[in-house]
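Chain IDs A, B, C and D follow the sequence of writing; residue 1 opens each chain.
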Amino acid sequence: MVENLRVAVIGAGRMGADHIQRLHTRIHGAEVAAVVDIDLDRAKAAVAHIPGAQAYATAAEAYESGDVTAVLIATPGFLHEVALLEALERDIPILCEKPLTPDAASAWKIVEAEQKLGRKRIQVGFMRRFDQGYVQLGGLVRSGELGELLMLHCRHRNPDTPPGFTNEMLINDSVVHEFDVIRFLTGEEITSVQVRLGKATSKAPSGQHDPQHVLIETASGVLVDVEIFVNAQFGYQVTTEAAFEDGIVNIGADGGPTVHRAGRWGGEVTPGFEARFGAAYDVEVQSWVDAALRNEIGGPSAWDGYATAACCEAGVEAQKSGEKVAVVLNEKPALYGSFEPAQGGAQ
Amino acid sequence: MVENLRVAVIGAGRMGADHIQRLHTRIHGAEVAAVVDIDLDRAKAAVAHIPGAQAYATAAEAYESGDVTAVLIATPGFLHEVALLEALERDIPILCEKPLTPDAASAWKIVEAEQKLGRKRIQVGFMRRFDQGYVQLGGLVRSGELGELLMLHCRHRNPDTPPGFTNEMLINDSVVHEFDVIRFLTGEEITSVQVRLGKATSKAPSGQHDPQHVLIETASGVLVDVEIFVNAQFGYQVTTEAAFEDGIVNIGADGGPTVHRAGRWGGEVTPGFEARFGAAYDVEVQSWVDAALRNEIGGPSAWDGYATAACCEAGVEAQKSGEKVAVVLNEKPALYGSFEPAQGGAQ
Amino acid sequence: MVENLRVAVIGAGRMGADHIQRLHTRIHGAEVAAVVDIDLDRAKAAVAHIPGAQAYATAAEAYESGDVTAVLIATPGFLHEVALLEALERDIPILCEKPLTPDAASAWKIVEAEQKLGRKRIQVGFMRRFDQGYVQLGGLVRSGELGELLMLHCRHRNPDTPPGFTNEMLINDSVVHEFDVIRFLTGEEITSVQVRLGKATSKAPSGQHDPQHVLIETASGVLVDVEIFVNAQFGYQVTTEAAFEDGIVNIGADGGPTVHRAGRWGGEVTPGFEARFGAAYDVEVQSWVDAALRNEIGGPSAWDGYATAACCEAGVEAQKSGEKVAVVLNEKPALYGSFEPAQGGAQ
Amino acid sequence: MVENLRVAVIGAGRMGADHIQRLHTRIHGAEVAAVVDIDLDRAKAAVAHIPGAQAYATAAEAYESGDVTAVLIATPGFLHEVALLEALERDIPILCEKPLTPDAASAWKIVEAEQKLGRKRIQVGFMRRFDQGYVQLGGLVRSGELGELLMLHCRHRNPDTPPGFTNEMLINDSVVHEFDVIRFLTGEEITSVQVRLGKATSKAPSGQHDPQHVLIETASGVLVDVEIFVNAQFGYQVTTEAAFEDGIVNIGADGGPTVHRAGRWGGEVTPGFEARFGAAYDVEVQSWVDAALRNEIGGPSAWDGYATAACCEAGVEAQKSGEKVAVVLNEKPALYGSFEPAQGGAQ
């Protein structure tokens, strides 16, 4: 009988707590062995209801316990580099929440460290690749049944932003998902980014220019426009419209029951990313666990993390200049193979 | 050059006023020559803005003016019989708002009078036959491309009812449209009606049992259920779902812009029959005018008026007994031909 | 640490195999311990890939192994009675696929046996109670925010039927789900059933009259019409439209990506019940496992199985007579409490 | 009684023939008096079924007949300038199909000529202002109920293009409608245009780069992206999505009956602009006739024609350079007033 993975979750904040609950109640083949948080009380609270799980203040202590065979990193992005290097040294399966690291240079260091190891240990948490809509759209692209994909129109709308959400975070935390999805759908790298700041909403916090218009191009010339609008008030919405040579595809519409009541018909707007992508997170983590038990990864690789970090850097520069900014990547190491994304597949 | 029809509109109430406006501003080939209303002041008000139109208290006076070559009857139903007989005597084109007359016996008298005349002069105001949705559904039935039509599910919902709206009017004024549409879509006569009074809304006026469930069968066995719900609060809605051997068709959904606003997405509910069927009324009257200028009718005939009156009688009886009540018709006079409905075609 | 349930699955046919896969790969807190099938080879094939699971030809052998702490019954309905009595003797948690048993008399014997035991051990496999659409509609009923529920319109369409599917199975295997859902949504027992056989499709196998129209009434007078159409060719579709005093709700529409291609726009029709209700099955079994680990049930009870069996009996009689047939139930034992369905809750 | 307009239609090609039919059969208050076409046989064929209408080879002859009191110009755009100046000399109501003229310099000459006349005689044929969807969206903008309008996403898709359709015509004949609609919706002038040529379809004729991505900005900074895709194969589609401070609005979705047939559900794609905008053309011409009978115009003015011509010039330049190109306008003459578009209103 294959042993279950014994997972250390690093970071017990919003995403970490969500993943702990997921591993403990919904994911087959894995158990929470440890929760690591610099705030030890928060770690202790997180394991209180989980028999056999321990709380630690550092990852090192967790690893030393001898009870950890895999790690899920859910700290803020600036702490990822150290955690990743530490986990790579242990040569254990790693699921790292996006971004891999906050910038292309540090992301490249991770890629290099993994190369030295000689096998893919890191899966990056771009969960949209596991969302049914993107999976189906990707399938349509690869089937060729509608001809070549020519353009994408992406909308990313949040009702509002947490305190301290900056213009740069619009790119690094939100548009980063579009960067990954564009690469996933087209199977191509992104070559340039342009950002236009137009009319701004009065509902954004001071210092934030919202919405913004991002125009992206891929290697073969696929143009992608993104409306990133993070104080859109009405609800949460992520949709993509794809123009092919022979047809148009739309994904991401709000579903659920439709109600006719006085004067209006319709349904409920999705309130947030948990409702929109909750199932995708479950499938993502299950895919990681299944692959990890075979010593593989089951989703986006460190290369995907590096490539999107380079896009984000170009995006932030474009945001400032208003000009088209080229995205330049290092040569792709052989370890990451050619570009053949399976369902949420590693590259 | 063909002379325009000079139309006398009898009845200047809600429907009459609507038709006067339609003839005066939107219909080619016809002009309002006279408005007849027992309330002469109402008639005078109606013609005030129409050059060349006169007001009268009786139809006889209008006809005697020598300026009338066609008539549109828009009085309450119980006044139709006299007005129809008077117009038939003049042998002029007649557009008669539904119902033809309020009961089968009087409707049959009209059929007999028209037969004596020897040509179809009466078109009945079942405007749904000119509605794009019903026309397209009828086309699908007749094309046979989805196989045989097997069942229909009809919903007829009003926000509320005018004072004095009785249980019998639920059948005679509302379900009567479904009777006509079922005959139009199936090309068959109706053979039985059953009415079930279930749980009632608390929003209906005293004495009215609302909603009601009507189960109808046609000659070949097509079963039709109708939800008639006339105090449905939220808005106006008329939809039909058709089950064919090889597919399902839905018509009548609310359209228009969709709006996402805080917490809800959707569109506006249709507020009333004017918005839902306004275009159908225009097409209906235009069709009548075009046919009348060729001495024909361009829509449902007196036979259709008679057959639906017989359905209504059976419906009201079924409403009281809760049993299945057979619909029995006189033999169809040759004048009305076989059953081949064209777009909104006469039969 | 709570021990996982060790489940014996009885019956390794279509539904059984589906549940074995579910328990083995997706459900937390339970493991497949045994597969029982009179065809021992089929049982052996089913456990071949499951470490620690054994195959048996009879349930008795499985119980005697000492490794079974819960049972899932997925045999054809006529074998349920014996399997249920045997499992009740063991006093272990039971998940029994619908129907509880094929008729009201045998279902009542099960209810009596469970009463003797003195606690609810049986959960019946009405998985629609765990479907997101029905859960949300049930929530709207109970919230009262749209006023009283007045009518339901249900459509149940299959592309075709397996060999040997009879008229009675239309009621016992298909409409039975509507009986349960009506009881779940209204929180009321069903009082009468009427079945009308109208125009039949040419696509049904000989001896089957399809579609049929079922008209159902609940204790407070809620009327429900059901189109049951099991050779509908185009695909699988289960929808419900609910008319409330203050609004209308629709659930069950086909979702997924919409595609515009030459001449047509739209999406894919659901191909079968696995796609439509696959997630509901997962939630159902998980709910049963979670409750079983607390010695409770987490869904429809034996009483629900008995009450729907009585509805089916009335339905089959109504199918033959064309008349309204009353549904008469024994007095409800105290064990099953009053009618307060929670999400998919037991009653 | 007001005399009907006696209209000379100049140009009996596709659009001209359509307008002749419209004036002859559907528009109240106007009649076709003359058809002018350099191909006299085509003009004769067009009037053959219209009592009282004459055919001419030149507009001058039509005017000299003394039977013409208004003119509708439907020739190719490069012939508009001469026809407009000739009609302005007559001081009669003019409905001029878009574009006003093919470039900003000649359009300005028309504006100057009309100013000398001292009253607005020219209405330009931007029929989208009369489309129900744009009217409703414009109403939402002006009501302010969703806050400020921030971004627009426009899609303009044709199944294919007629022979000789050039890259410049993509802007001048297709995007010109978006230029007008943006001005209509925002009530602002356009300040810059950028065009990006990305991945091209293999279905476009040689020499045409299709689709193209147009990024437009208005005076207050509203950003608008346009996908112009004129060989989109599947059908005709014009949609707009508007992002407001407090909500999102979508117009232009395909409507009509939805059909479930083997494997797919959905409706018919709109085949062409006649089906999508036929009703808008009727309303547009009726609005012009009604206004003309009062010596006014009832839609977009010569100023609107000039302003969109300037946008087109910038668009074609942007198409070639790939850079953002500013749109510069002459000062607006007092005759055209301030920017207060009513329903399809003149400015």
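Criterion: contacts are C-beta pairs under 8 Å (C-beta built on N, C-alpha and C of every residue); 3 or more make two chains touch, one makes a residue touch a chain.
Remember, predicted model here, so these are calculated numbers, not experimental data.
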Which chain has its C-alpha centroid at the greatest distance from the C-alpha centroid of chain B?
A
Between B-C and A-B, which chain pair is linked by more C-beta pairs in contact?
B-C
Computed distance of Cα centres, chain C from chain A, in Å
38
In whole angstrom, what separates the CA-based centres of chain C and chain D?
58
How many Å are there between the centre of chain B and the centre of chain C, using C-alpha atoms for each centre?
44
When the C-alpha atoms of chain A and chain B are each averaged to a single point, how far apart are the two points in Å?
58
Shared-interface residues of chain C (touching two or more other chains) are 233-234, 237, 246-248, 258, 260-262
Touching residues on chain D, where the partner in the complex is chain B
1-2, 25-28, 51-52, 132-133, 136-137, 140, 146, 246-251, 253, 255-262
Chain B partner, complex, touching residues on chain C are 147-151, 153, 155, 157, 196-203, 211, 213, 215, 217, 220-223, 225, 227, 229, 232-234, 237, 241, 243, 245-248
Contact residues on chain C for chain D in the complex?
233-235, 237, 254, 258, 260-269, 271
